[in-house]
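My structure is below; once you've seen it, I'll send some questions.
Every chain is named by a letter (A, B, C and D) in the order it is written, and numbering of its residues begins at 1.
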Amino acid sequence: MRENRPYTATRNACKMCTPLGAALAFHGIEGTIPLLHGSQGCSTYMRRYLISHFKEPVDIASSNFSEETAIFGGGANLKTAIQNIARQYNPEMIGIATTCLSETIGDDVDMIIESMGDIMKETALVHVSTPSYSGTHVDGFHHAVRAVVDQYNPSGVKNRKNSRARKKINLFPGMLSNEDLRHLKAIFKDINTELALLPDYSERLEGPSWMEYQSIQHGGTPIKEIQKMHRATGSIEFGTILAASVERGNGSAGSLLESRFNIPLASMGIPIGVKATDRFFSLLEKMTLKMIPKKYKEQRGRLIDAYVDGNKYVSKKRAIVYGEEDFVAAMAGFLAEIGIIPVLCASGGKSGLFIESLRSILPENIFKQVSIHQGMDFTDMEEHARTLMPDLAIGNSKGYTMTRHLDIPLVRVGFPIHDRVGGFRTLHIGYKGAQQLFDTIVNTLLQKRQDASEVGYSYM
Amino acid sequence: MKQISAKKLLLPSSSTGSISILEERKQQVYLKGNDTFEISCEKKSVAGSVSQRACVFCGSRVVLYPIADALHLIHGPIGCASYTWDIRGALSSGPELHRMSFSTDLSETDVIYGGEKKLEKALVELIETYSPKAAFVYCTCIVGIIGDDVEAVCRNVALKSGIPVLPVHSEGFKGTKKDGYKAACDALFKLIDLGYRRSSFHYPDILRDGKQKIPLSINILGEFNIGGETWIIREYYKRMGVEVVSVMTGDGRVEYVQSAHRACLNVVQCSGALTYLAKTMEAAYGIPYIRVSYFGIEDTADALYDVASFFTEAQEIMERTKHLVQEEVEELLPGLEEMKQDLTGKRAAIYVGGAFKAFSLIKALRHLGMEVVLVGSQTGNREDYELLKEMCRPGTVILDDANPLELAKYVIEKDAHIFIGGVKERPIAYKLGIGFCDHNHERKIPLAGFEGMLNFAREVHDTVTSPVWDLVPRKAGRSSSIQIPVKGEKP
Amino acid sequence: MRENRPYTATRNACKMCTPLGAALAFHGIEGTIPLLHGSQGCSTYMRRYLISHFKEPVDIASSNFSEETAIFGGGANLKTAIQNIARQYNPEMIGIATTCLSETIGDDVDMIIESMGDIMKETALVHVSTPSYSGTHVDGFHHAVRAVVDQYNPSGVKNRKNSRARKKINLFPGMLSNEDLRHLKAIFKDINTELALLPDYSERLEGPSWMEYQSIQHGGTPIKEIQKMHRATGSIEFGTILAASVERGNGSAGSLLESRFNIPLASMGIPIGVKATDRFFSLLEKMTLKMIPKKYKEQRGRLIDAYVDGNKYVSKKRAIVYGEEDFVAAMAGFLAEIGIIPVLCASGGKSGLFIESLRSILPENIFKQVSIHQGMDFTDMEEHARTLMPDLAIGNSKGYTMTRHLDIPLVRVGFPIHDRVGGFRTLHIGYKGAQQLFDTIVNTLLQKRQDASEVGYSYM
Amino acid sequence: MKQISAKKLLLPSSSTGSISILEERKQQVYLKGNDTFEISCEKKSVAGSVSQRACVFCGSRVVLYPIADALHLIHGPIGCASYTWDIRGALSSGPELHRMSFSTDLSETDVIYGGEKKLEKALVELIETYSPKAAFVYCTCIVGIIGDDVEAVCRNVALKSGIPVLPVHSEGFKGTKKDGYKAACDALFKLIDLGYRRSSFHYPDILRDGKQKIPLSINILGEFNIGGETWIIREYYKRMGVEVVSVMTGDGRVEYVQSAHRACLNVVQCSGALTYLAKTMEAAYGIPYIRVSYFGIEDTADALYDVASFFTEAQEIMERTKHLVQEEVEELLPGLEEMKQDLTGKRAAIYVGGAFKAFSLIKALRHLGMEVVLVGSQTGNREDYELLKEMCRPGTVILDDANPLELAKYVIEKDAHIFIGGVKERPIAYKLGIGFCDHNHERKIPLAGFEGMLNFAREVHDTVTSPVWDLVPRKAGRSSSIQIPVKGEKP
């Protein structure tokens, strides 16, 4: 593990805490309100953080611990909270995520929930354990997805798969953007295949303006779709690290369905770039036995033509890439494909699987030029980057301070985007996503060159 | 889709008639002119509500944040540090250590075996690297549970490093944001008192006796230099001939905080946050305090006059103050007048942290010809709400610790043109097609003082007069159907 | 006319010459090779100019005048040229545009073409008169479109419209980007209505890489579609200036079909922004009696929500807008809709209809704040802009020098984009185009503020 | 879709066997080792071909363009000015007037009634505004037809303004790009001769007699300072102890052009463009000339040695030159060697303006271990092609004034890895999935001299080793079908 963090403290973290991921995932389920079992501040901070990215209302309830709660246990508060939420929102589901506080005092949330079974007829209660001292927001996200799938697809349920049924695919995309999720839905629509996409916050966290107040916004994966997941033709899960983690025995939503119901699971990296998208479409072809529509082939053709047209502007350029491990891995694969060397791949995550993932994605000649760091913060990253002569950085807004110090441009992708609008609308995946990433990266480099030039030609 | 019809929300004679307000919340809503009972504030938020309130940690963090040469280390898992990294517009004229986000980033092992060693190691390393003038250690929820002796660690490191290392008891669940203010005040007072007791402090250009009062001097409390507001206000006092010993904590420095005990008067700006410190200092050093606001023309002028009146020994201060106010106001008025043309009769909703800020906002908006139709705060006390009640016209909705549902309900009902609040209120306003002005600490533009009033007016004007409101469904009178006639269309 | 050009010379022109527009339009017709009747340099320069924008091969043949040709007339050269092109490309059509040279010496191109009728059986010859001293590239473009429609829909042809036939719309979009053209085609596909889009260079000038050399690229409006235009349900023409010009008696492709075959013509500005796009969809609804698909309503909803979210970043900002008159008019309308004041609207074009167009598009309170200049070059523009305190400029790449001097950012739209990649892929029209324009403009302003700030917060 | 199958294009024993080559073009294609007949160059382009050649105006414009303190006014309709605005990377160390695009922008009325008055007015205004040191008036096609007496206007304005105002007879149709070079040389010579005859020119730091030769001095002809190349070369001569009187026209100034007659030697770089001027100056002032190239290691070294050899009177020049070359080459080689590893055996196609440039490119590419499989030029003469024939290996395709079809045909057939040409060739190369290097005047990077060689190698290396070629259909062996196996895919 190339990790030589000289500091005990984390200085400008490149990660968020576990419950945030769970709260986001719960927002991708229809009629669901996330509830954090802990102090009021957690939900307020995370709401604020998510709002700054999505520019949409993000309601996260809290069980509002007080000093007495911490001493006598959070059961009563949790019950009150659930009842109050039910009364105020009338949700289909409350997604309960624990914070470090309630985890540490040891509330038995499952028992508390069970004890409420009788009074909560219309609202399902799903609990996910997300102690913030363990893992990052990514873990919270995946765990929440798994918890929901687990609860709605219990072992006993009958697997009514029949050969007459239409092909139906479960897709667990991980933490993608709204536009990414819309793109996935459009692809399935174009190949006329049913899709259960979990989670899907694309509508809920990017809806139209309202005529009237909506206590829970439109959209999200319908719970009845989640309930049918055990009857799907197959599941797809994005994320090489997630897949490797599953191989090491950690569960995921897809692996749960596979082991419990024998639903075949295909895992692959996030489809960023031509090669990864080829892989995705090829997988779809195999699973659905449908042809890729002409539209996507045309997009691919234009994309490769664009790669060629712009090859010289990116060749041998040096990029810093950071963010969630799976996102960085996929992005690094894309960069290698267009000729950019991802000289520094960094993440605040600490799966222990980062290097292996990158090794499997990157060609050997690129891989050996890459400095890979898990559990890295932005201050370390900046210090390390100074030795690497980077031309640009690619990642979320939180790297801005670093890139400002390094005097290199930042291509904003991923989560969170706090200093620009429309970050949640960035398309990363598919041929079109690669097209937009490619154009943006090339134009960022061109702008840098043009503005830095004493002459500033208006012709390239 | 859960929708609450705006019509259904139309208030009955009592504001508590709507089903959407939680039973426990009924006494925190007041409709001027209709209700007769008293608003019930200073209650803890209800479990399960999506409150706009934050936690104890948040309160401490915002107060101490602007001290730019101090180390701010957050002891806990990563979240608390992540979500508060560089989010406030508190400027510094020098060091920028406050903009770094330091965390002990506790892991499972730390939680099981205790985080003291990690904390100590982190502190020592960071102090060595960044040479801060003091260090604040913020205790988060979990620290209160696992029982780290943070006091001991701080004492230890202070001894080793020779700088004040102060624990801030800001465990999230141990109260409200107000308790966080108090914890911050405690830490500040410790710092001041260290200075007082050491008496070794060298105040530049003035007598070297550390305990002696500095003539005609004040501290400014509860001013955080958002967008450079401290500098604006400091400049006013300078022109008046008043010496500002310390600002707590805008553009703050440990050294100046430590000499705060030498000022003659504490001028407290943020209603909720720093009064406790002012009272403590009054008790300890006999420094009287006054409460002021620098928002809006009247309040800014009053703030300056109040200070001038205090220094009866120097009549020239009052003369200069009058001159200053006249000059500034004259420069300001033409611009305001122009904007008032467009703003007259427009309706505003206010929801802010402290009630004192709400008072100023009401006055400032009236100055622009606008009508306040809703006002609320997260942390107002009984006294504050009494005053609000007096200031508001009949029909104004007054709220304590509101949740998004309530806020939305009333702004729709009152058909506000602009909502003035914090960043968490923004999406609610925007979803409903209502303009928004951030009057919280994340903004980057100074709204204090006379020039701040112009900025405020400009921002309100920009958004209220934006053409985009014509397009929102609530105004265009249609959800998303497209019925605009084709112009220039032939046969 | 607010036009006080102090200079006799044009200094850094904001226009191109007439034949360039014709050559571009001809590229939008299947199997067509443009041929410039004039000196070799014209075709080489224009190819170069178009290539720099589209990054695609652009073949424009030349009749290669020599000194003798200029003295004895270009007839022989033109014939040789036509024959050589036919032999080498075997095109379906050769689009012949005259240059200033052949126009001035007075070659009777129509007669020369007619004399070749017998030998050119497989290749149609269409002539458009484009003397570069008259009008701009915009005129060349529209004239070429009209000439093609004219030739393929002669007066005598039978108008076999029948009530049973499917609705079919002719759309003359003017000089839009490839992505704009693709968007238009997608809309018609979504409402299941036949579309004759003329011209359509979106495939030909943005195709995939080749296996083998293609002498004429794939794509373009099929000639058999052009031949059926007189049987359409109606025609739509984009461009308020074009429409006003038609009203003044100048012909256009749409007006020709209207007067010759009574095909109803609807004219409207280029659909940039919500209001203009609303108008377009409303028009489509009326003409086709089909409902707007949900997808577009959702795009509209998200767009307006985005306008709201970003309202403060753009309100009262001051923009310079330049380029083709119709493009500027449409863009100014969009800017006014989001709260930006287009303080300077400038074009090298000189239709005499610019001010009236802007008056019809802009609200009165905005219109009175706008300085409008036709026949303006970039040097005048720069001098004028200095007095207007602009926050940004919006237009093609040719304004870069100006914006560099003015130290304001340039949002690159329209034609040509010579200093960035993918300019031809910019979507301007429709709700999605407005979304992208809006995000780009807001983020450009945010970047300017952030980078200029001493502090540079990573939060907005 | 018109497609010419790559297989069909496989050359038969004679390169003219393919139907796709126009009958008239047959003699402009030569395949080394197969054909026996001679290449037929210096022909006018065929009517109807999509030639890569430009016009007379283009030739004049590129030669005179870099004179940065002169006014360049294009007399004609707007096109010629629009398409040549700021498109060349010719840098200036001072004024940048050359980057402006001035046009008389003739309208219909001007064409009917004549453009003389407009021209005169435009000239007078521009000279007044920009105070150029001289003005060039480029005649475009139409001027030759409408019969404006440009000479007279220029004379007139020169008298009024006191600066040289020189007509450039560059009517597009009056010949080829080469004739444009000649027209530019004529204008340059007029300018030089004005200086010669006036003899009032004060050469800085040297004897004041305007006609006297400057010892150990040269002019550099045909060097346009693309990306700063002039500066690189000037620096070499400076280190050698040779005085550069004038560069024509890189980083050009009217004043220096006018003193060109005082140099001892003309060093001509661009094969086609400036030789005519060198000959004229030889005839007029007895200045001998040599032809050189600054591209590639050998040619650059030769260019410096040739100049050093000329000045037999100063042996130390040769010593310095040897030292310089050794130093530069030593610095250069390790970098080149590294790139050579990746480039050895890779195939290049060359299509450039002048044949002389092609010679240098062939040598430079060989230095990188690469093989030249196609070479062609727009303006080579018989002599040039003879030399090319000698230099190339059997199987190399040699082309004169090729069109896109031909270029594409042969680069596919020869399976080139990189195409080196001008901006108009780029899309052809790219569409076929072949790397490209711009060796024309629109590039912004200096490729001249020793450091230029490193830039060139780096650019070739960057593009040849780019991974994107693996994805293009021609290489991936499929048009656009997607057949990549899914890695990590489960059951």
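What we mean here is this: a contact is a pair of C-beta atoms (placed from the backbone, for glycine too) under 8 Å apart; a residue touches a chain by one contact, two chains touch by 3 or more.
From a predicted model like this one, the values you see are computed outputs, not experimental measurements.
Novice: Among the other chains, which touch chain B and chain C together?
Specialist: A
Novice: Of the pairs given as A-D, B-C or A-B, which one copies C-D, with over half of its contacts the same by residue number?
Specialist: More than half of its contact pairs match C-D, so it is A-B.
Novice: Given the two chain pairs A-D and A-B, which is bridged by the higher number of C-beta pairs in contact?
Specialist: Of the two interfaces, A-D and A-B, more C-beta pairs touch across A-B.
Novice: Taking each chain's centre as the mean of its CA atoms, how far is chain B from chain D in angstrom?
Specialist: Computed from C-alpha means, the inter-chain centre distance equals 66 Å.
Novice: Centroid from C-alpha atoms only, then distance chain A to chain D, rounded to Å. What do you get?
Specialist: The answer is 52 Å.
Novice: Where the centres are mean C-alpha positions, what is the separation of chain A from chain B, in Å?
Specialist: Going by mean C-alpha positions, chain A sits 33 Å from chain B.
Novice: Measuring from the mean C-alpha position of chain A to the mean C-alpha position of chain C, what distance in angstrom results?
Specialist: 40
Novice: List, in ascending order, every residue of chain C touching at least 2 other chains.
Specialist: 52, 55, 207-209, 298, 300-301, 304-305, 308-309, 398, 401, 457-459
Novice: Which positions in chain B are in touch with at least two other chains?
Specialist: Touching at least two other chains: 86, 427, 430-431, 433, 472-473, 480.
Novice: By the document's touch definition, which label belongs to this structure's chain graph: line, ring, star, complete, or other?
Specialist: other
Novice: Can you name every chain pair that touches?
Specialist: After working through each pair, the chains in contact turn out to be A-B, A-C, A-D, B-C, C-D.
Novice: Per the contact definition, I'd like the list of chain C residues that touch chain D in the complex.
Specialist: Residue positions touching the partner: 6-13, 15-17, 19-20, 31, 35, 38-49, 51-52, 55-67, 69-70, 77-78, 80-85, 87-90, 99-101, 104-105, 131-134, 136, 207-218, 348, 379, 398, 401.
Novice: Enumerate the contact residues on chain C facing chain B in the complex.
Specialist: Its residues touching chain B are 240, 243, 264-269, 274-275, 278-279, 281-283, 286, 292, 297-298, 300-301, 304-305, 307-309, 311-312, 315-316, 336-339, 360, 363, 453, 455, 457-459.
Novice: Quick check on the complex: what are the chain B residues that touch chain A?
Specialist: Going by the criterion above, the answer is residues 1-6, 9, 20, 22, 24, 44-58, 73, 76-86, 99-108, 110-111, 118, 121-122, 125-126, 129, 140-142, 144-146, 172-176, 403-405, 408-409, 412, 423-424, 426-428, 430-433, 472-474, 479-480.
Novice: If we count contacts the way the header does, which residues on chain B are in touch with chain C in the complex?
Specialist: 86-87, 89, 91, 427, 430-431, 433, 435-436, 442, 444, 459, 462-463, 465-469, 471-473, 480-491
Novice: Under the touch definition given earlier, write down the residues of chain C that touch chain A in their complex.
Specialist: 52, 55, 206-209, 298, 300-302, 304-306, 308-310, 313, 397-398, 400-401, 404, 418-422, 425, 435, 439, 442-443, 446-447, 450, 456-460
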